[in-house]
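Below is one structure, written out as structure tokens; comments come after it.
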Amino acid sequence: MTQAASPAYRGIIPPIITPLKDRDTLDVAGLERLVEHMLGGGVHGIFALGTTGEAPSLSYRLRREMVERTCKLVAGRVPVLVGITDTSFVESVELARFSAEQGVKAVVLSAPYYFPVGQPELVEYVEDLVPELPLPVFLYNMPSHTKVTFELDTVRRAMQLPGVVGLKDSSGNMVYYHQLVRELAQRPDWSLLVGPEELLGESVLLGGHGGVCGGANLCPRLYVALYEAAVRNDVHRVMELHAQVMRISCTVYKVGRYGSAFIKSVKCALSVLGICDDFLAEPFHRFREQERERVGAFLTEFGITRDRAWPAAANLVS
Amino acid sequence: MTQAASPAYRGIIPPIITPLKDRDTLDVAGLERLVEHMLGGGVHGIFALGTTGEAPSLSYRLRREMVERTCKLVAGRVPVLVGITDTSFVESVELARFSAEQGVKAVVLSAPYYFPVGQPELVEYVEDLVPELPLPVFLYNMPSHTKVTFELDTVRRAMQLPGVVGLKDSSGNMVYYHQLVRELAQRPDWSLLVGPEELLGESVLLGGHGGVCGGANLCPRLYVALYEAAVRNDVHRVMELHAQVMRISCTVYKVGRYGSAFIKSVKCALSVLGICDDFLAEPFHRFREQERERVGAFLTEFGITRDRAWPAAANLVS
Amino acid sequence: MTQAASPAYRGIIPPIITPLKDRDTLDVAGLERLVEHMLGGGVHGIFALGTTGEAPSLSYRLRREMVERTCKLVAGRVPVLVGITDTSFVESVELARFSAEQGVKAVVLSAPYYFPVGQPELVEYVEDLVPELPLPVFLYNMPSHTKVTFELDTVRRAMQLPGVVGLKDSSGNMVYYHQLVRELAQRPDWSLLVGPEELLGESVLLGGHGGVCGGANLCPRLYVALYEAAVRNDVHRVMELHAQVMRISCTVYKVGRYGSAFIKSVKCALSVLGICDDFLAEPFHRFREQERERVGAFLTEFGITRDRAWPAAANLVS
Amino acid sequence: MTQAASPAYRGIIPPIITPLKDRDTLDVAGLERLVEHMLGGGVHGIFALGTTGEAPSLSYRLRREMVERTCKLVAGRVPVLVGITDTSFVESVELARFSAEQGVKAVVLSAPYYFPVGQPELVEYVEDLVPELPLPVFLYNMPSHTKVTFELDTVRRAMQLPGVVGLKDSSGNMVYYHQLVRELAQRPDWSLLVGPEELLGESVLLGGHGGVCGGANLCPRLYVALYEAAVRNDVHRVMELHAQVMRISCTVYKVGRYGSAFIKSVKCALSVLGICDDFLAEPFHRFREQERERVGAFLTEFGITRDRAWPAAANLVS
């Protein structure tokens, strides 16, 4: 193993939603518009088949199609990462191999999410799986959905593995996050990315390398601008942009109920903007007309459009 | 729909373990011995690809092989049920169709287990999925692994659906179970089966129709005898046999740690008895030699053997 | 320590509600009527200052008044037990001493409920506290409110302490309960009582000694009759009476929402019957008129009255 | 009510530990040294009888003594706040009245922590209690110990109450915290304080008013310095001091296990420094010699002393 001096992955690497025409049909034209929308906003990578991408709800055939088409559309302009989290070890390995063939740069791995595993079992799992994978691996801490946390001792063990290049933390627990920052003094080549976009500002100010912001499907420039302000320690600008992030979070993402509200509202907003279809794979369904109108009204109020450069100066009063 | 006057499924319908030679290879000879062991013990059905069958940990190819071979081996002697619970709607439907072609009699469906769903979302999911399935459906309440409960109102909604024929409750919550018994006055054709074998006696005494007892992989006659004693209200015999169930539960199943202890010990015990291999799919691993010896010592102490009729009178002092 | 040959406490020992005129005033006349109502129904003991008694919501002065008056009213006809669970060790000891002076027979102790304690801390706590108490001690497993379970190893440790005479399990987890039954082979003098009245039948059929049924404030004879049927293994009668328990549980106790629904409806029903006031200490409030009418309608429908012998034969069809 | 234009409480208002000689005896001399140590470090207030103060574990007599003596020792140099959270409404009111007589400036109120309450019940509780209190009220969000969160709608309702002056959030959930910041545009006179000291830097940088840092019992200057750096947007200095906070958090506070580790290590460290006794009220116990030596070694390594100005420049390399 040759350790890199610094993290390979920095910046905004959004978890791209999976545009669907129906439960097993990709919205191919929508995907193309979405990729261009996000790259046009300056994102530093694309993460396909994450939670926001509804990966576990998709057929394996569709997951492969999504990987293949995303890689072709991105065409090397930024790195593509692919989520291979699965309850089945064999399916994780196969998806990683397929991804490598398509030009994916790294895979993202959370805990298997049906059986609740103990930490020693999780350590063994990572140690068994990483050597089978043909690509660098991001660990993905996502206890709200997988029921298991990558505890610090487990992360320390994973730091011994040459194939792991970073960790994405979606726990929302910033005490844990700061503990990770401390641990990463041991692996300066690891990237530490934060999941919840509401925590992007502080996480980058205090030692992180970027965020996997779902909202960057919609407003990629906002998160890129926030990341850049944090990197240059411009606290005043961080506060302005963070207030915009919170404004979206407290309005658009609250149109729905339950854990699905976030994905539904992002897909709905993209549909309102004419970027892609808002079909959701079961167990979810797109918003009905009433919710769609509320989402649309927020987009109008905030001046969020497909074409316009956003955030614009005029939007900075939250 | 023609409603049956009484439940179609009664008795002990064990969740068969999936005998493995390695992570993607079925132990075919072991499966044959296991099926004969269980049928020889008098079980009333076989439930393949449940939690105890490690279904979520297996590749889709292996899941299909397991369904196909189990149906051939059982050869219609008892009904075969198959778990189709999945995070992907499309994969659930496809496995159900494949199962129907193999001669499976019913499918078992829990909540999709990655995204935490609200109850209205769960209702919609069941209402969307059941009509797509070519076989009768058992609902499967398994909140410890799926993170979501089939709440009573949701069960009431499902009672409107002609395709649903029963519910398996693995919550371990007997207050909820008794509420279900009350609700089932509305659907006397539904079968209500209990998951945890430690609750088999009381659940059948107080109105249930049987159990999906994992321990019946190992000692099928014990659970069949307990079920029969409960059906004939023989409380004295229920207590004797229940004490044996608890003796196994408090010893053999406690050799390991974490949620995986149960599956590991059952597979280990079957291996000790020469029935099948004890390989476990990741994220789990078989017991090491030390634990295996402890399991073996318990089997010897309790007189549990492959060939012998068990429970025998001599074993009834716990 | 001289071990008794058999448990000292058997039968129905209801957690008496605390009749209040306002937040710091006991409804003394109501308490007298309630005690006579319960003793007239044949209960085997009275447990004051439990969860159903709203103990943690009362001032310390009022708790002492409740103990003093209850002892005087019961006047030795059945044993009085008092809950001393508290976050403060010193207050627990003082209440136990006061209780002993009033003629209380045993105290009931759960885990201190503010700080989440580890199991070794809970063991130490019990080992520290029991020797300071002038009365025999029941342990009280109540994880829904205290956030900590008396795990089996902790119960085993407590079995070494001469001062402990039993355990009340309100976890609702019958697998755990059956494990306790097994453990109690080591302490045949311990009483094992179950909390949720919906589990009374099966727990006594399968080895328990009785129940701490909140509903016995309202219908003491029902729970006494169910207990007696279970003791004599009369499964048919157990099912009849258990069905009545479930009918009340699924109707009267569901009039309200949240965890407080049970206490509110029991107090409301007692008020409707003219037994005592239905004031609740904060953070709760009595039902409003609409809910009160629904409770009253259920009482009428089920033929539950203050004076009448209940359950009567006519009520046995649920 | 005349609304102040800006929050009355800003800065570091530590939750003072309660120095004990035994379970019901205050370490009076230790309390005096501790108060001087903290005031000497520049703290902006003292919060007595919080979680860190072990309030729920103390007798009511001792709680009153602690309030009385703390007020006398502080002697008006900074405001004293007192926690009145209790399961009993009556006891909360009485402690508030006593506190007012002693010169306390505000009381701190979390949810009653035995019965799990629904949000409408929590709203009613706050609306009932606040008018009974003779002092301004801080709400205290502490779901890890009380089992209930002050959800946003509940906070909005509390914003209608003139007597409430702020909120202390110990949830550790920074997404929630940022939502609170947004809400507080409606009540610019409210103070928003953060509980976990690991989040002090980011919370003040992004709109909060200070912190209730338990570690400020030990190193008051560190937290005061961090607060001041954040107020002046000095991100470089925030990072240096935040790294020191994390160093302590990841070492000293990890000497013990379970939730009690933090209080035990702070009391132990104060004892090692000769400031006060390290006795803990049950259910906890002071560290044994081995843990004490580890705490002492960390203090030496980090140069933390009673007398010395700390943080000193030499300590800024973490």
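Chains: A, B, C and D, in written order; residue numbering restarts at 1 for each.
The rule is short, and it goes like this: a contact is a pair of C-beta atoms (placed from the backbone, for glycine too) under 8 Å apart; a residue touches a chain by one contact, two chains touch by 3 or more.
By chain, with names taken from UniProt: A, B, C, D = 4-hydroxy-tetrahydrodipicolinate synthase.
In this text, all values refer to a predicted model and were calculated from it rather than measured experimentally.
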item	value
If a chain touches chain C and chain D alike, it appears here	none
Centroid-based (C-alpha) most distant chain relative to chain A	C
Same-interface partner of C-D, chosen from the options A-D, B-C or A-B, over half of the pairs matching	A-B
Distance between chain centroids, defined by C-alpha means - chain A, chain B (Å)	37
Centre distance in Å when chain B and chain D are each reduced to the mean of their C-alpha atoms	50
In chain C, residues with contacts to at least two other chains	none
Pairwise touch network: line, ring, star, complete, or other	ring
Set of all touching chain pairs, with the criterion as stated earlier	A-B, A-D, B-C, C-D
Contacting residues of chain B [partner chain A, same complex]	23-24, 51, 56-60, 62, 87-91, 94, 111-118, 121-122, 124-125, 128-129, 144-147, 257-260, 281-285
Chain D to chain A touching residues, read off their complex	172-175, 178-179, 181-182, 196, 198-199, 201-202, 205-207, 233, 235-236, 238-239, 242-243, 246-247, 249-250
